[in-house]
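So the structure is just underneath, and the comments pick up after that.
As written, the chains take the letters A, B, C, D and E, and residue 1 is the first residue of each chain.
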Amino acid sequence: MTPILQVKGITKRYGGLTAVNEVSFDVAEGEILSVIGPNGAGKSTLFKLISSFVTPTSGEVLFKGDRISGLAPHQVARKGVVRTFQETTIFRSMTVRENVIVAHHLRSRASLLGFFLGTSLARQDEAEFGASADGIIDFLGMGAIRDELASNLPQGHLRALGMAIGLATNPRILLLDEPFAGMNHDETMRMVGLVRRLRDERGVTVLLVEHDMPAVMKISDRIVVINFGQKIAEGTPAEIQSNEKVIEAYLGSEDAAIGM
Amino acid sequence: MEQILANGLYLGAQYALIALGLTLIFSLMNVLNFAHGQMYVMGGFVTYTVVAQFGLPFIVGLLASAVVLAVIGAVCERFLFRTVIKRSKREESTMLLAAGIAFFLDAVILLVFGEKQRGVPKIVDGVFNWDMRLIMPYDRILIGALAIAMVVGFILFMQYSRTGRAMRALAQDRMAAQLMGVDVDRYSMIGFALGAMLAGIVGGLLVTITGINLGMGGPTSVKAFLMIMIGGAGVISGAIAGGFILGMMESIGLTLLAAYGDVTYLAIFATLLVFLAIRPQGLMGKPWG
Amino acid sequence: ENATLKIGFVGVTSGPAAAWGISNQRSMETRAAWLNELGGVQIGDTTYNIEIVAFDDQKDPKRAIAGMEKMAQDGIHYVVGPNVDDGAAAVRPVAEQNGIMYFPYAFPKELYTAPASNAILGMVANYQSGPAIYKHLMETKGVKKVAFVAANESDPLSQRDSGVEAAKALGLEVVSDSVTYQVDTTDFTPVLLPVIQSAPDLLVLSGVSPANAPQLIRSARELGYTGLISTETAQDAQVLQEGAGELANGFISVGGASTPELASDAMKEFVERYTAMFGEYNDESNTKVYALEYIIETLKANPAAIDNVEEFKKTMDTFEAANPFMVGDAKLTYVGTSSFGQKRQVSVPLVVNEFQNGAFQTLFVAKVD
Amino acid sequence: MTTPKIPNSVPTSFGNSAASRPGSLGPARLAGVAAFLALVFVAVPLGIAASGRWDFYYTLTSVALLSIASAGVWLTFYIGRINIGQGAYALAGGYVSAVLITQVGMSFWLTLPLAGLACAGLAVLIGLPILRLRGVYFAMVTLVLTEVARLSALALPVTNGAKGITSIPLPGELSVLGLTIIPDFATLEDPKLAFYLVAVALMCLSYLALWRIVNSRLGHLCRSLQQNEELAASIGVNTAHLRVLAYAISSFFGGVAGAMFVSISQSIYPSSFQVADSVNFMLNCFLGGLGYVFGPMLGTLLLYFGWDLLFTTGQYQMLIYSSAMIVLMLVLPNGLLSLFDRKGGGK
Amino acid sequence: MGQMLNFDNVELFYDHVYALKGVSIDLNEGETVALIGANGAGKSSILRAITGLRKIKSGRIDFMGERLDGTAPADIVRKGIAMVPEGRRVFPFMSVKDNLLMGAFTRSDKADIARTLDSILTRFPRLKERYNQQAGTLSGGEQQMMVIGRALMAKPRLLLLDEPSLGIAPKLVQDIARAIVAISRDEKVSVLLVEQNSRMALSISNRAYALSTGSVVLSGESKALMNDDRIKAAYLGGEV
């Protein structure tokens, strides 16, 4: 089976700083893969490279064997590689439902002119988007806040909304940047369940960046560890937890923190 | 060649001073002050009144312009901009306010100072003439030097004084400045007053050379916008660079393109569009969102 | 109680170009107040008080149309203004549809040439004064080479073009005519440098505004230019004095239609009354007082014209009345036949002045036909 | 199947009337539209005939046309760009129409859409580089654009330079298949009413289009762009394309308004639309309220009429006008229509 | 050890967000107190309320026996409270030197300021090396040192730190933790520490409060909390 996504020797430099340095890994279809590493290690940059928000200095990303590096972000999104943002990025002055509906853009069959004129195809589209949005909102358990203005939402719901926006684009691969941040333990565990269901029921491949180790260990099929832009380890959660390099660079040894 | 450079330098000095005030206000409050040109005109008229009507020395006129405009600036900030910024949903609302103030100042200037062109007598006579290669009247040299001195003074003030430091901090991070104990309201007001004052001082300086009239406001604002676009909005060094670059472009363009008629400004605008397409944030600016 | 005769004014009285319209409006108001004080004017069997209805068009042709509509609405048939080419052209349809005669201070010939017939030029056009001045200077000062500079705006540019044409027709050599400047220029040295280098005997500042004139003169002199400088528009002596001082000596411009030698007692009284009402006199009002006078006198000559401009037009061809503002037996008549093919211009004397030490001195006086 | 309901806490449409669904024509909205149409097409002419205030025709015609141009500016606000350059397109549209009529001999009615299209094309060319700019940078560049338009009109040969184009004939007859839809204006007793009717008809069409845009997917996408361009891109929106599209539509409105004005004044000069006009278009939008489709219409009405009404205050006109503007800004910084928010929004 | 800060039943809103739902905490002189809790729990809001950046809806805040709420932020700094805000908030286009001098904005005695500056540069030698560099170009760790130094320039009696470990590599986190301990010991400054890194926070503080969605859910001696099962589960991420 060929991997759905291949990252091949990708590098990104900003001036003198190498944010991502020769990173390579594959992602299999239907896999949940976490990328971890210290702050500033280059994880978000890596996601931006995969979703083509930034162009790599060298190296490339292949989606189903086709090169997607260098395409415009909306083209990559169109192919099914969709990213949510680390910062809670949503359309602030739209309601939850509007947010999700607008995110259905990629699925429109009618043209913009069609929508303008209100052709039957356009109306059909709108109706479908509405229904699908409601489905997604219910799936993520946000039914009660459907018509709330996004700027009024608490942190936790913002994350969920970010994910809903991502889902609305009908992605093949969803890139989640710190989806659990801002959630308490219970919420996190519920979210973990959701992501799992997403994969199981909708067949979405998930890449995520997360600092919440219990969650990462619980959810991931595999983990890639980045430090100073470089991949320093790759493996199952169990392998990573016992990897000396990772403990030293990221997880930290327990008494080092307390020993003062 | 020498002449072109000298002309550019002289123009640049006064432009830089105009742009400084505009960029200061912009950096502190994110307000694009449409009334900047009108403030400049106001400054010119105040100096005119003090010098030509009351017969007082030029320097007194200049001081009066500075004070009057500082007060106007402070009042605008305290009673108008502050309120609107607090209450409006979109930052751009301040543009409407600034435009309203521009109209208002235009009306006040018309009522108070009349519609005529005014000027004060030359402060120094004579022309510096280097072999016909470089011709520059002494009063222009003096005004140019004064303008450069003020630009330098302003930079030193912003760099080394407590107030200057506070304003720079305010411009870079309002919240952090507040945490340092900077009274942001007070310093916003001071900054606005200072920006208006700079406009007034340029008006006062130039009234000895170009005279002043009601119509100079709008075009001055547009030129000042040009300069801060070239240099980067909200950046002091950018404003200075923008001022001098525009001055040079004008000087060079007018000399080289004279034969082709009315195209100097078209050429400048076209260059600017191309430049901004390549470098949207200007020479030294930060990208703006 | 007298009836009221409303005369309109549509022009710019606010914003940057306020100066142009304000002198119009004020001279009309001064004259109207004066006439009313004298008991009004008798037209036909009725005695009227004059009321001036003024509309500020902000120098915007779209607003000028609104102003003209407003005049039509008020039943006004005689309007002074607008002050600029675009406004004057824009109000033409309204004026013609509503039977309004208007007196623009704008030069485009189409406004006054048939089929247009409702506009009457309120002053001497530059293509009339220009040749007179050039000719005078050719004869008295031996001028051979002439250079033109103009602001990069409609009115000055078209004045430059007709000036160049006139100069060429007189056999002058035009050494520079492509240099223009932005009205907001603060340093004219770079602008004038190439002009001066073309070494003209006469430098013409086409359609120069009072604001720019002193600076241009100053820059030219400071660049070492020693030739003649002239313009075909009116200037303000005080502005020249403040802005250029003695460097402006010898500067030739078209004066208000009255110099000390020409001014009658009525003109002197007008100046006094104007100054009393508005604080400061404006030399341009010497010219601008005429439009109202022409309207009233023509109506007196043919009372039927009071609400019928066709009657007014008929009267124009033969109209003649005493000119109260000039000494001697000067007359108010309509002229313009040679420029427009029909009488669509008020006859004001063409006074060419020379600036000397803070005041204008008459160089020569001519008449336009 | 239900059409999506956009709750009324989001001000996208006039008045936010509680029961209305912007995507469709509910009975309340239909009644409102009918009332509005009756007002502008029937009540106004009747009122003018009754009162004899014929001058209002031109005033209202101006308001209608200026509000079309303002609607364009509003649309650029809707994608998060401050546009102070609409005067440039109004001027360009005016010139396109004037040149086509006087030099090609084309019918005015044909030049009207052509002027709009030419401006849209121009907007694409200019928009491609400058729409990358944001915030005040875009605002300042567009301000300069107005000046560029004026200087170009002075410099280009086809525009007849400083002398302008004058004596442009009135709009001729518009007939389809031999059926006269609009009579030759020159044959009309007084074309004022005709101009008024054409102008308000254009205005209604423009606002209908704008309203459809805002309430269709295009509008939602524009809003997404306004709020977060990066996120919009990540959900597959071609942001560059959309920006240029919105800007082109906006300029189309400007061009049409400009062309229409030319036919009224029968002349055009480089100074026919200037920086002051561009600023006014922007102010109209602010004043009416940026969150409301009909904001620019109301803003134009108020600003334009405001000036006219103050015409009796003589030399204080400007002072009073600008003071009123400042006070309005202090009291209602989010536009006039934000008044409706408090009553109708109900949060 | 007298009571320094008393935060009594405080409620705070952002538009419609109910961020603090009646929170009470206190802090004694010389003490280091930690606030831990998930993102959005309201930790930063507590600091914003203390520094006056955000008005409180109800409740009261006292500092050294004087009422604090309602006072302007600038005056609060003068009373001796300095804060290192979330996300560091350096003045990016100012030099390290000017950034530090900004910290002493409320002080006027030049000689005294110079002394403080010296002691800070001695404590953070890295800053001395970067003295004239633009702050925006410093590395994250350096920036964090600098903003702590900047806060100390005000000679505060109470230092508020909002997530000083954010964006900092684990090794540097240790340095910063050590610096905090040293500062509170040497300068006799009380510290209110907000941290995501609960393990670090608990290890260097005397007492701690755990917050969840705007309310205090647990409080006590840090050592005790460290071994509390609930804390372990919710904040320490179990056994890693």
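Note that in this section a residue touches a chain if its C-beta (ideal position, glycine included) is under 8 Å from a C-beta of that chain, and two chains touch if they have at least 3 such contacts.
Not measured: the values here are computed from a predicted model.
*Asks:* Starting at chain C, how many touching-chain steps does it take at least to reach chain E?
*Replies:* 2
*Asks:* Would you kindly count the fewest steps from chain A to chain B, each step being a jump to a chain that touches the current one?
*Replies:* 2
*Asks:* Among all the other chains, which ones are in touch with both chain B and chain C?
*Replies:* Both chain B and chain C are touched by D, going by the contact rule given at the top.
*Asks:* For the chain pairs B-D and B-E, which is connected through the larger number of C-beta pairs in contact?
*Replies:* B-D
*Asks:* With centres defined by CA atoms only, which chain is the most remote from chain A?
*Replies:* Most distant chain from chain A: C.
*Asks:* Please identify the chain with the largest separation between its CA centroid and the CA centroid of chain D.
*Replies:* Relative to chain D, the chain with the farthest C-alpha centre is E.
*Asks:* Between chain A and chain E, what is the gap in Å from one C-alpha centre to the other?
*Replies:* That gives a centre separation of 32 Å.
*Asks:* In whole angstrom, how far does the Cα centroid of chain D sit from the Cα centroid of chain E?
*Replies:* That pair's centroid distance is 53 Å.
*Asks:* List the centre-to-centre spacing of chain A and chain C in whole Å, with centres computed as mean CA coordinates.
*Replies:* Roughly 73 Å, centre to centre.
*Asks:* Could you put a whole-Å number on the gap between the CA centroids of chain C and chain D?
*Replies:* 37
*Asks:* Residues of chain E that contact two or more other chains, please.
*Replies:* Residues of chain E touching two or more partner chains: there are none.
*Asks:* What are the residue numbers in chain C that touch two or more other chains?
*Replies:* 14-15, 152, 157
*Asks:* Mind pulling the residue numbers of chain B that touch at least two other chains?
*Replies:* 106-107, 110, 218, 261-262, 265
*Asks:* Once the touch criterion is applied, which pairs of chains come out as touching?
*Replies:* A-D, A-E, B-C, B-D, B-E, C-D
*Asks:* Within the complex, which stretch of chain B touches chain E?
*Replies:* The contact residues of chain B facing chain E are 162, 165-166, 168-169, 172-173, 175-183.
*Asks:* Give the list of chain C residues in touch with chain D in this complex.
*Replies:* Those in contact with chain D are residues 13-15, 54-56, 58-63, 65-66, 69-70, 72-73, 84-86, 89-94, 97, 108, 110, 152-158, 161.
*Asks:* Considering the complex alone, what residue numbers of chain E touch chain A?
*Replies:* Touch residues, chain E against chain A: 15-17, 38-41, 140, 166-170, 173-174, 177-178, 181, 197, 199-200, 203-204, 212-213, 233-234, 237-238, 240.
*Asks:* Tell me, which parts of chain D touch chain A in their complex?
*Replies:* Touching chain A from chain D are residues 1-4, 6-7, 9-10, 23, 209, 212-213, 216-218, 220-221, 223-224, 227-228, 230-231, 233-240, 245.
*Asks:* Show me the residue ranges of chain A that touch chain D in the complex, using the header's touch definition.
*Replies:* 51, 53, 72-74, 77-78, 82-85, 89-95, 97-98, 101-103, 105-106, 108, 110, 112, 115-118, 122-123, 125-127, 129-131, 133, 147, 149, 165, 168-169
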